[in-house]
Every structure is written in C-alpha cells, then in structure tokens.
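Two complexes follow with chain A in common, the first pairing it with chain B and the second with chain C.
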Partner chain A sequence: MIGNPVTTRSEFAQNALGRTVPTMVNNKPQVPYLGVGQFRPHGKKAGPPLRSSSAYPENGDKRVADLETALRNAGLADGMVISSHHHLRDGDRVALLALEAAARLGAKDLTWFPSASFPSQKGAIELMESGVIDHIEGSLNGPLGDYCTQGKMRGMGVLRSHGGRWQAIQDGEVHIDIAIIAAPTADAFGNADGSHGKSACGSLGFALADSMYADRVIVVTDTLVPFPCIPWQIQGNNVDFVVAVDSIGDPAKIVSGTTEITRSPDRLRIAEWVARFLRESGIMRNGFSFQAGAGGIALAFVDYLRRFMKEDGVKARFVRGGSTRYLVELLQEGLTDYILDGQTFDLDGVKSIASDPRHVATSPFTSYNYHGKGNFASMVDAVVLGATEVDLQFNANVVTHSDGRLLHGIGGWQNCLAAGCTILALPSFRDRIPVIVNEVTTLTGPGELIDVVVTERGIAINPRRQDLLDRMKGSGLPIRPIEDIKKEVERICGGEPARPKRSRHPVAIVKWVDGTVLDTVWQVG
Partner chain B sequence: MSSSNASVAIHAAEAGRWGEEIRSDLHVAIEPRDRGGLEITLESRVSPYYGDSILRQTRQVLEALGVKHARVAMHDEGALPFVIAARLETAARRSGVAVRGQALPEKTSLPAPSPRDRLRRSRLYLPGAEPKYFINAGLHAPDAIILDLEDSVHPSEKDAARVLVRNALRAVDFARCERMVRVNPLPLAMEDLSAVIPEAPDLVLLPKTEKPDQVREADRAIGELKAHHGLDRPVWLMPILESPLGIENAFAIATASANVVGLTIGLEDYTAELGVVKTAEGQESLYARARLVNVAKAAGIQAIDSVFADVADLEGLRRWAERSRALGFEGMGCIHPSQIPVVHEAFAPSQSEIEKALKIVAAFEEAERRGLGVVSLGSKMIDPPVVERARKLVARAKQTAEA
Partner chain C sequence: MIGNPVTTRSEFAQNALGRTVPTMVNNKPQVPYLGVGQFRPHGKKAGPPLRSSSAYPENGDKRVADLETALRNAGLADGMVISSHHHLRDGDRVALLALEAAARLGAKDLTWFPSASFPSQKGAIELMESGVIDHIEGSLNGPLGDYCTQGKMRGMGVLRSHGGRWQAIQDGEVHIDIAIIAAPTADAFGNADGSHGKSACGSLGFALADSMYADRVIVVTDTLVPFPCIPWQIQGNNVDFVVAVDSIGDPAKIVSGTTEITRSPDRLRIAEWVARFLRESGIMRNGFSFQAGAGGIALAFVDYLRRFMKEDGVKARFVRGGSTRYLVELLQEGLTDYILDGQTFDLDGVKSIASDPRHVATSPFTSYNYHGKGNFASMVDAVVLGATEVDLQFNANVVTHSDGRLLHGIGGWQNCLAAGCTILALPSFRDRIPVIVNEVTTLTGPGELIDVVVTERGIAINPRRQDLLDRMKGSGLPIRPIEDIKKEVERICGGEPARPKRSRHPVAIVKWVDGTVLDTVWQVG
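Then we have the complex of A and B:
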C-alpha cells in the first residue's frame, strides 16, 4: 500500500457537532464546522488572470489539433489542478482522455477536480498508481470510492456539494489551473451548449464556475457548429482552446432513454405518503415550489403529487430539476410555470430544455452557492431526498455505506437542506441494515435542517418542527416518533446492528456548504 | 462418507439461494463429518452489523437440531433471522444430519383469533419459497395474506417452503391480516398441515377440492393436530374449487365441515379443464362463479372470487371486481399489493347504497316502534327481504370502515 504522508501529519479537532476532523488536508489548513450559518467569509472573490484579446485569433478560431496540444499550450505542469464536469455522467469520455493526454506529456502529482466522478472513470486509478494524479477532489464512488476508502490514494479526498464546489472555486479555496469542458455543441470561439448535438446532456451548469475562474479553459466537442453556438451556456470569451474530437461520450449512458418509476410496493407507499404529507400539511398550495431527484421513489412522488395537484386545482410557480419526463409533463400540463434545471436526466428532459423557454438551465451559482447574496435553494418550499442513514437527532449520511465505504457524492443534497421543508424518503431497512441509527457513520447533513423522515413504516417529524407536528394533527398518515420506528425495525432485523470498527486513518473529508469540515471518512479494510 | 447414524443416509446438502439478484435470503451448504465439531464460514453484506449475530444464531440452530460435526458454508443476502433459521433447518434435514426436529425462531405475539364471518375482501398471495415479500406484506393492509405452499412452489422446494412458512407464521408480524396458508392437495397436504398447524394459521385453503371427503380428511387432521399441540382457537377452511366436478359438488363441499367459512374458485385450472380460454371478462366462467355464489349463500358461508392475473391492468381489475361484487362475491385474491386498494374500493358498498340502506333500516325501526306491520319509505312499501339486505349492507359498511 502507498503511504499517506499528508494525513499521517494531520492533527484533529472536534467540530460543532462533535465530529473529529483533520485541521490540515492536502497541506491546506481547514476550519472545523461551526454550526449552520456560523462561519463568515471575508475578503474578495478569487479571479482568473487578466487577458488581452490581442493574444487570441481575431477570426475567433481557437481550435487546436488535439488535447495534448491544448494542454501543452495551456502550460500544463506538475502539481496542477485539472477540472472537469459530470453532465455526461457515466458516458463521459473527455475527462479520462484529458488526464491520459496529460500523462503522455509527463505531468505528475495532478489534482483532478471533477464536479463528480463515475464508475466508467475507474481508469483514473492507474493514473493515481503511476503518480500522474495525486488525489481527487470530488465525489468518489464505485471503484474510485473503494480505492480512496482503502487508503490507497496519496492525498486526501475532499467531498463537496455542488454549491460547495462553486463556493470553493469562488473563494479561492481551490484554484483551477486548467478546466476541461466537454461540450455537446460548440463553435470555434468556445461558446458551448449542452442541449443540442449527438451527445446532448441538457444543462452545462456545473462547468460554469470552471469557465469563469480557471487560468486556462479547454472546450472539447464532437459537434462543432459555425459561430454563434446558441444558446451559449458557456461563453467563448472565457475559453482559451477548442478541441474537436469524434466522440465526447456514450449517449446511451449520458441520458437514459426513459426514467422509470419504482415498482416496489413499499417504495410506492413511501412516495404516496410524501405526496400526501405535502398536501395535508398545506405546503402544496398555489404558487408553491418543490424539488425531487431522479431516484425511483422521487419519480413516483412526483407522479402522486401531480395527481393531487390536479384534484385540488393547484399549480406550482417552479419545480427544481434534475429534470425527467415527469417534470416535463408537469410543465406541459400547466401544473408549473417553470422548471429550473440543474441537470437533465432523460431524453424528454433534454428535448424540453432545448425547445421550451420555460425550462431553464441553471448553475450552482444561482441555485446553491452559499457564499453569495442568497441562492434559490432556500426559496424552494419542499425537497424530497434520499440518504443511507439518519440518526435520532435527524442527522443524515448520504456519502458512505453504513460501514464507512464511500457510496456516492453529495451532489446538491446538502444545498437542498435549505428548503422550507426537507423530507428524507427512505425504506426503513435495506438488506437487514436499519436506516435509522443512534449516530450516523458519516455526517453529511445536520439534523437541524432535516424536517421529516418518511419510511414505509411511518413518518417521523423532527421535534424542532412543532409547526409541522401541529399541522399534521388529525392526519390519517402514521406520524410516529423516530425512536418508535427505529425500535420496530430493530425488532425485525434481530436487534441493534453492531457498529463497524473504524480506523484512525482519515482518507477523505466532507465539507459543509460554507467550506468548513463537517466530518471525516476513515479508512476501511 | 461414513455415517454415525445407521438408519439415515447422511450426505452433503444445501438450501436457500444467493447471488446478485437475490435479496433477503441465505444459501447454506452443509457437509456432515464424523468429528471436528462445527466449522462455519459466512459471507454476507451485513457482516459488519450482524455477522456475529448470524454466527451465534447458526450455532444455536444447529445445536437445537442436534448437529454436532459439519462444515457449514453460508452466503447471506441480508436474510432476517426467521429465514436464516429456516434455511439452516432445511439444509440440515436434507443432509440427514438433523437428529432432532425443529429450530424455531423467536415468536411474535399471536393476533386475536379470526372471527368466522370477518371481512375477506382481499387476500394477498405470497409465494412460500420467496422470503423477501413476507416482512412488509402486512403493511399493505390486505384483509388476509396467503402463504402459498402449492402452485408457486417448485416440487423440489416443498420441504423448504414448509419450514419457511412455518417460521413466518411464528415470527412475522402480519399486522391485522388474517393469516391463511394454501396447502398442497392431499396427500401432500398432510405434511404441510403437520408443519404449519402448530403455528396457528387462521385459515387453510384447500386447493383442487372436488369431493366433501377431502374437506373432512383435512378437517380431521387439523383437529388432531390442534388437540396434540393444545391449540385452542379456530382454523377455518376455504376449499378452492378448480374443476367442473368441484363445481358440481359445491354444496356438499361447502357443508362438509362446520369449519368451512367460504368457498373460492381457481379459474386457471377450471378453464383449462373446460377447454376454454380464460378472458378478462370472465364470460366463460359465469356459470361456475354464479353457482358458487348460490351454493355459498345456501350454506351460509362467504363466496370469494379468483384472482385477476394482469398486474399492470388496474382498470381491468376494477371492472372485474365490480362485476364480481354484482354477482354476489364478497372478495377476491390479489397477486400484487397494488391490487389491494382497487379491490377494497370495488367491494365496498358505495356511499349512495349506504345512505339508502340506512334510510330503510331507520324506516323499519320506526315502523317497529310504532307497531306498524308494514314498512314504508316515502310512497314505497318495503318488503322484509329488502330490510334484511339493507341491514347486511350497513353491517358490512361498518366492518369496512373499521378495517
């Protein structure tokens, strides 16, 4: 095993929720989590170097022959931070192509800073083994997650929410040397769009900060159009080089042909209860807003809510994507005025965002960035989220399995907790493993922001939300103390689960939306 | 392999399933040996949480079965304790190494005995060899669950299903559901009954019943088992008529035992024997179903319809169930939880029916109070059978509201 020279020097502190967190990570000092809204940033935003148009072709043609040329021209050097976005999801080819090109140019000790990583990018492991990549800052799951959790990565993983990534770039916490932006359509000037082209993925919002703050920006496309590329989600005025390739990814894995509602009766029951909760609590009313992801329960929830909205003659002002067919249908049926989309999950979503002006591509700046003058996540009335664990204080874990192995990225999950009513929709146990625990393995969201937990065995309302408890009095829904549901599940599962042993070696940290350190992921196995 | 027990051939055996697609089950391979004690290996995705618990339970179960020396290899897919016990017991019995009978899981509290005429609008079939559906079945609130040992269980898995269903009756909380078991036809039914009756099912479904003697034989066996195990609560019977002969003998079957509380029909076998195609309209089985309803009423028991096989077609189910109620049936089978609310709605009296019935009952009571011989509502005179029907409907509406 490769040693971990950085973390062995780590010192630890207890943060405001009693979690043990390192005070130095990858040679950068860290602020332990101080509580919701307690950390106040100061100073000025970071910015890229000033450039002159005289350094760029007057005819606007910034094309270079290939990625290697682009990287060389961008001044690739050892230790640089290379960023990429994940709008192409598991179908992305560009990030690995770029990192492999960097390897051929002899680069070492790079930090790869994706907005999220996917299983198909497991080739990054070889690049870490050979020393091209030092560490990854971004979500880690599948093989990359295992590599990190097993302590094999040299530097420490840093997990951030989508909003936290914007915040980190904007605050200068992470400086991107070279941004690689895969673009389904682009012109030679670097204007780029995600909603058209053979590899269309919808929004390109996750790449926006990279385009604005990186020293050098490389746009990679497989559909080059004559200037102007409209809409220019990414502005060519921020772009240094354009590379045309045959294919930026596998369209079948970029968006699913169709997103499917869960067929599990238990999950459908959860979804129906969430929708009924919104209806009976009065949150579902004219002009309201909500957000739900693309998981099976969330999709089924949207389907139930749509039925109730029609029955009650209620219309939403906006719904927040991840968009899917189900949200698009709401828009088409006039049940919402707008879809504010962060990412686009299926073909119907892509088609809609490309053709309907009421389906709007947004970025983490407008939706999630905590170090701004507000963001619209806190204006959403209700959000429905998943989690792997939730504890008796309503703290939740979304990044690791209960045994501490990295499972998935934070995504927008932390940012969404700002909504008026945050609902976790979860089966009460999975494969005999209870979801409600005494203390979550990895703290990802503070319980004070989590209002309701809906399981197939009952609904627990956070005692901090007396208003919701009052509003649900007399409801036909099974509102129960969270402790009750926990006990029932433990009776079924054969007692309280044992707590897996955890090591003393940190392998990654979980950042809060303000850049402070919320928790530590420890080495497993 | 040598054997320490001359009368039973001892050999390696296995039970349960594992693999990518399998959930909530456990595969056990037992290799008996002469000495060396127990050597247990466990692979499980829940090892960090329940690994010790599974190993402890394994030792307890094997001790209860009298297994002293064996290699035991387990692949667990998140099985709950009652499933683990069942799979271990089945493997040990199959290997011939279990010298004692049973290893029963912890008992959940037994629900109250089931009233003879309780509401039986819906009964959800649960394949007896598939443990993953058991635990949440009660949440979907059918009036009954059926733990099936018959058609959903492959002949080679009958022994495993019997143990699993027995453990489920004992350990799983099925909420307010009536707990039914569908046994195999005689003579296999005898083994099924020996296994499940000690765990007090509320009702036994007797498939492919054609003659009253079959009911009497099962009833006698249940009576003896109840006496033997000191079980003092009813185990009702519901024969399933699945052939033209069964339909012809329906009244004799319905009255074969005082424990028969309902008759139901199996349309797959019936239409096959009739040589006709089973349709979503059910025209081809109209005679059989109408006759079954008539017989049931004549015998003073419930008439329960078959199942609707197309899970995706809830509209078709609704139409079927509404027609079924119009024929006089009081409930039907469900093969997916999504069918339950549709069936409940279809078999519930409508609001206007209830209101009308309440008015009739009130008019009758008013007439009685005033000593009038004739009951009238508005300008209409009401016959005694109309009053009787209205009373039944009100009673049923009350039952439904309480369910």
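Then we have the complex of A and C:
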C-alpha cells in the first residue's frame, strides 16, 4: 500500500471547536463544523431517477437468479457507491456476498457505504487490498477501523451518525448507485420486513433511506412470502430486483438470545445513580420519555428506573429503543405507552416488535434526521449514553480509544445528544486508563450538549445546566465538579493517559449531524 | 366572467387515440397520450426544500393559533398551489376553511389542488368568482364540475387518477406550495392518522404525497393526542404547523354508517354475472385477488363472490379496498389474508383498519403510481369498475355524462385498468340513455385495457382477450358481441343518445396515468 494519496493533498481548516479538519475528503469539498444549529442547508433534497412501471414485470415478480445477475442488471460499474445496512449486525452475510459478487464481475474502486460494518465483515480488507473497494464510508468497528487507522485504506473514512447518514443521502452528499438490502422476509415485488423469518432482526429502518434514494435497489432474502409481505418497512415500489438466498446471516449473531445486565458493582452503582438522578431531578414524571442503549450499564439503569417508576406510580409516554427485554417488560407492565424502536437487540425485542402494535419501528428519518422539520431525538426527556472519553469541557469521544485507534461507530449517539438531558454513564477508568481527560482524542459530541457525566466516583453536571444543578441541591447523590473526579481517577491510575502517537495524515473524518466536519481521525503507528 | 383566456390561445394536437388535446394547459406544455406504456419519463423525482431542525421547536410543539397564522407563517402568496385531500369526502370542512382563510389574508390566483372536490365544497365557486382561486386541479364532482363545464373557471381543470396525482407531484409537474392535511388524529409534532378520533375516516393515503413533497405542510386536527400519535400515516417530520380546530368535518358525511347493496333486480343480476364470470373463467382460485368499489353493484358482487368462494373452498390472498363491511367480513371469515386499503367507506371499514393488522392502509404510491418500480394495481387479478359510457372499442368514460357535463372524478379507476382482468359492471342504460355508444364523449380509459363489459342484457368480452373468450366457451352466461348488446339497448331507448352540443373551448383535460393528455373536456352550453 502506498498510503493515502487523496488525503495527503488535503488542505486543512480549524472548525468552530478548534479542531483541525480537511477541507476536501474523497474529492468532495467539506464544510468545517460551525457550532450547534449554525449550519443552514440550502437547495433541495436529492431526487432519485424517475422510473416507469412499464419497465417492470406486470405480475410484480422481480426475482432474478442471483446477486451477480442483480448487480449486472443494476448496471454495476467501476467507482460506484454500494450501500448495505447493519440490522443483522455481526451476523450479516449479505453485504460481503454482494461485494464479492461485484468483485467476480470485475468491479473496481467501489465505495462501500454500510450503515455500519462489523468484525465478521473483515473480508472487506481483502477487497480493499485488491482494489475492488476504494474506501468505506460508515461506522468502522474493530478490524476495519484498525485497518483505516493504520492508513491502509485508499480513500478516507467518513463516520456519520445514523441521522447523519440519512441527512447525507437525503441532501445528495452521498449518491447511492446500488443499495443491497438484506431482508429477513420479502415478497417477489420487493416489499420487505425485518420482524419475521428465520433471520428476523426487528426493524429495517437503517435501510429505508437507501431504498428511497438509491438508483437501483436489490432486496436479498432467505424467507420469500407470497405478495404482500406484511408489514412492509421497505416498499417494493422502490425495489428493482429480488434475490432469494439460503441464508442472509447467522441468527446467533443477528440478535443475542438475551442481553445481560452488568454484574460489576461499580457499574451497577453508576446505573443506580443515573436512575436516581432522573428521579430526584424530576425528569422521571408522568408522561416522560427516555432512551438507553443495550450495554450492561444501560440495561441495569432501566431495571433501577423501573423500580422507581413503580414505587412512585410514574408511567412513561414512550421509551426509545434499541429495544431489549427490559424495555419490552416496561411495555408489558404498562409502565410506558409505546416503544419507538430504531433497532432490536434481543429475541424479546424481535418478538415484541413483530406482534405488539405499541412497539413501533422507526427510521433515522423520524428519529434523527437533522435536516428535516424536527425529529424525535430532541423530544426525548433523557438519554443515557456511553463514551470512550469525556473532557473537562464535557466534549466526548465515542469512536477512538485514547491510543487514537478507530474502533467504534457513532450509531445514534450524536443524534441522541439533542435530548432534554444527556447523561454519559461511564466507569471512571478502563484498563487503568482514565476516561476523563483534558481534551478528547477525537471530538464526537460537543460538550454544550452533554449535561451530566455519571461515574462510580461521582456525578458531574455541566456548569451550563444551572437548572439541573439547582434541582439537585440537597440530593444525597455525590454531585462533584468534573475536575475533582478527574484528579481522583488520575491518582488511582498514576496520572493522565499517554497521548497517542499519531501522524499528520488524516485517515477518517467525523461528521456532525448537519454534515459539517467535527473532527479528524489521524493515522496511528 | 370573460371565458377562458388561457385556453382560447391553446394549440391542439391529435393523440395516439385520435383525441384532440391542447398542447399547453395553464401555461404548462403537455405531452399528448402516446399509447399504453409508450411514454418514458426522464430526469429525477422532485426534491422538496432542505430544512434544518434548528428552525423547528426542540420540544416538537408545532401548534399555531389558527389557519390564518399557519398560512401566514407558511408564506402564503398570490399564485400559490394549495393542496388538500378528500378522505373526509363530502363531510370535509378543512379545505374550504383553509381557502377562506387564504381569502381573508388577501391571496389571489391560487390553484386549488385537491385529491378530489365534493358538492359540499361548492363555496369554492365564490372564491373562483372573486379571484381567490384561479382554477382547480383535481376531481370535480357535481356543482364544481358543472361550473367548469360551463367555461366559468379561469384556468383549465386537470383531471388525474389517484396514481396520476402522485405521479404529477413526484415528477414535479405540480409543485405544491402549501399542503393542508385534515387529520382525524394528530400530535403537536404533526404525526397524523385517520383511523382514530371523532372524525375518523380510515386511511390518509391521499395526503401522503402532499406531506412529502410540499414546501410547507399544515396539519389540521380536531383530536390532538400527546406525542406520539400512533400509527402515523403522515409523518410529523414532514410537517411545519399544526392547527387544532373544533371540528374537521361532519362525521355523518365522512363515512356512511353502512353501505348498501343494490336492490334493483337488474343490477343484482349484473353483480351475480360478474361473480359467476370470475368463477367460471378460473380467475377465482386459491390465492387470487380482486378489487371492487363501494357502489351498489360492486357490493352485491362481493356478496355473491363470497358465496362462491365458500362453496368452492377458495381463499383470496388479498382484496383491495375502498373497504366496506363486505370486505371486512371476508377478512373476518378467513376468506382473504389481507385487505390492502386505499380509502375507507363505512364504519365497519374504519373500525377494522384501526384494529386489525391484516387490514393495511396503502397509499397511491404503493397502489397506483405508474412512475415507480411497478405498483400493486397490475398485480390484482380482477377489478370490477363502473363507467358512464363504454364504446365499441371498449374505450370508457367515467368523468362526463353523454351530455358532455363533467360531473365525476377519476379516482383510482384509470389505475385499476392495469389489473389482470378489468370488468365494467354497468346497467345497459340510465334514464333511457344507452351506456354503450359509438364513441365515448370523454375518453378516460383506453379500450385495450378493458376486458369485459357486464350488463343486465349480456356480457361482452373484448376480442383482444381471446384467452377469456376461450375460457368462457360453453358457459351458461350470456356472452355476446358488444355490438349486439348496443343494438338491443338502442331498440329499447329509441336510438343512439344525442351527441352533446359542445363548443371548441376546452375547459379541462383528462390525464393518463403517465401524465400525458388522454382527452379534453369541452365547454357545454
């Protein structure tokens, strides 16, 4: 590999938070981050090509023999953008099957545009080595992130939130030539759904923008049902070809059988404090709403909050998923009217979304798209999130570790920062590396949107939120300045973490929810 | 009134079926009809303006005091296109309220773009007389159609099918400046649904394109619920303003309490013959599908077909609504897996769509849009439709009477012609005026798509459908050449109907499903 020919020519600018960001990425001009709510888009949404029903089978049967045929019929050519979704998570087989089929057809210099990539897709590295894939735009988890951080990817990585991905497609920043949609159930017309079938994954919302805006759309399923596939989260009217395969993925890796609450006493304490914070601050009240992920702390938090809600006779209007057994139980126990669900993490979630009309599949359009007429994220009262680092300005990092390696995607994390109260629930150190730092390695979320940091050593409230500080006066919870917690942790860990040795070669950028460039990931090692 | 200044300057062309059509309508160039499936669109779908969530309330509350405020905030200006939907049918109050509010704000020369207009909206005539409305593009039922036929509307009427209306919006032929969406239930964010609330009407599918493509979208509701309004057929992410009013319409006229089967022996015979035709031709078989409207003959047909299905042990995969009690009973009795419903005609239909997940709301996009990647209409095995006239080439008319007066909209009629077997079920004469004519007054559907005409005096099969003629050989049904039936009816009625006295002034055009111009409606009297 010869390094990074595109990005070494980059010019750089300082953005509104002082971060150095390239002004040109993968031959496209970029706008440096301007501040929360400062960038106003102009122009119109992208319009996909007009089609005529006269070019499609009257009986609605769009099946073709295999992925090669579908890609050939879709006009696969060098340099195209091929998209896929990640609702099958680490169990997905379809994205790689499609990229390998493209390779067999001789395609080169493709951009792979997944909503996220996973360790099981590390076969994409070979395709990058052989020039089939030029670069990946999308979350880079594990080995693919590592490959990128080492400067081995030709084009630059572009990391977007779930909402940012919708925004980029909708705004025409990314034009998808061919969308590949793995579907647990589909009919021959292309209507598709994720909640039924042997590879059921719940919602298919991450693929919705792809289906609406791509030039050509290929649905790949292992459970073909007679028309109509009900419900249809992907509409056949947007689909060109349907391919039936034996298996779209490994069910064991698509959803975990059960998601597990943490057993670590420190982490349980964090979870309990988060729940107590919501109760004591008055955020937990009748008709409130919250969102939490599927990590061990988040699950424990939901369990504590449930107890408090029962004790206080409080019912939520809605909770946001990533759904798990714990959210499903809230619904079944009448502690919330609705689950609004962007992705489904365990078997209880899948079963619930398939059968309970109060468990509603959402998409990044409804939930997170910043370039819409509002979205759900800012209407959520409280969100509980993780981070790899947070700094004294409450800026946070979720994509790189303190060593500079890019190992995680953004997911909906950036979008969730719009909630009424954003809480980071974090152990104060990991592997003896402090989590609270002077300045985050990679800025993923601006500190002005992060309200509370809860660690096992105390709770820091962002000084911008005087209202929360006032509400928590007299609380038995250990509310402390973030600087104090930082010092205590550094005493335990033996000082501040070492700064990563990184080059001046950018390997990826982190977009903000409005498409501007928030920060840069630099080559390491 | 000074007649029709725009259209008197029109140039005309002959289209592929020999009809004389204007080449310029309301200052927009037109493509004459080229034949079924012959017109191929180019370019891209329309893109509505990009917006930013930073311009919308973070708490999602988009309510404003009243329609005037909403229209003012939406930037109402002279010459704008204001759209509305007709799911509240003759009970709708909202469209006229909005247009009157626009009048109070001093707006002039508006185009009103309803999905259909109804007799109760005849107040629009005053707004046309005073120059607030320039012209109406959309179905013109009753008095508004009469007004148009008299040449009193300044601009020309443009009649489109439900699918054609979606196509026109999607293709950018019609740009909606402000969409007015009457919603039986909505939340303050603008999520809206038709299946609940005191003015429940069932589906809101006709308003979906408006919500997606209009520059500004105003939701008007009389039943405001806390976020989230579930289900949401209209997504708040597309909505700018929400207005709460006391009443959006007259429930008694929104849905009929019950829809009634015809009691006329002649019409019952037609209905029975249609059902027998489907049975004897083998179209009625396991997994088949059909669509029928809510008229007296159609309802009776469904009732006969149900009996035959039970007798023969046949189950449909899906039936298409306009839903009524009769379709709901099919679903409840297990005679169909699904109802795919575009609009809901009676209280049983509304109750069913609100509570039964097998009763699925559809939109003109899924069902009828010809400029998509196929649509549902061509996948329906048989459709039973009405008409005002049919001619010896099986061309049919649904918009004008034989006297040339424009009294009906197209609805989904044109779109339904794509079905595997299109059956017109018609009394052979009405008010002693024969229905089978030499040449239809206004061509609304090309004869090549109309397969069977069933009257109480016999059944005519289009000679193009040799397969159906073959299948019906030996049937006890009175299969006859259409010419024979015509002659018999003329003997009864005393000859052919008088041709309308009409001028050379076009007052409206009939679009085909692909946006080309199929025929012209001429000024009468």
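We take it that the second predicted complex is superposed on the first by the 524 of 525 C-alpha atoms of A that agree within 3 Å, B and C clash if a C-alpha of one lies under 4 Å from a C-alpha of the other, contacts with A are read in each partner's own complex, and residues count from 1 in each chain.
Here, contacts are C-beta pairs under 8 Å (C-beta built on N, C-alpha and C of every residue); 3 or more make two chains touch, one makes a residue touch a chain.
Keep in mind that this is a model prediction, so the values were computed, not measured.
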item	value
Which superposed partner A:432 touches (first chain B, second chain C, both, neither)	first
Partner chain in contact with A:495 - chain B first, chain C second, else both or neither	first
Of chain C and chain B, partner touching more chain A residues	C
Contacts of A:59 with chain B and chain C, given as first, second, both or neither	second
Touched partner set for A:456, first chain B, second chain C, both or neither	first
Touching partner for A:235 - first (chain B), second (chain C), both, neither	second
Touched partner set for A:266, first chain B, second chain C, both or neither	first
Chain A partner contacts - residues on chain B that touch it in the complex	23-24, 45-46, 48-53, 57, 77-81, 135-136, 139-140, 173, 336-338
Chain B-touching residues of chain A, taken from the complex the two chains share	265-266, 268-269, 402-403, 430-433, 456-457, 492-495, 497-498, 500
Chain A contact footprint on chain C (complex, rising order)	37-60, 62, 170-171, 189-190, 217, 226-228, 230-231, 235-240, 287, 317-318, 338, 340, 357-358, 360, 365-366, 369-376, 378-379, 418, 514
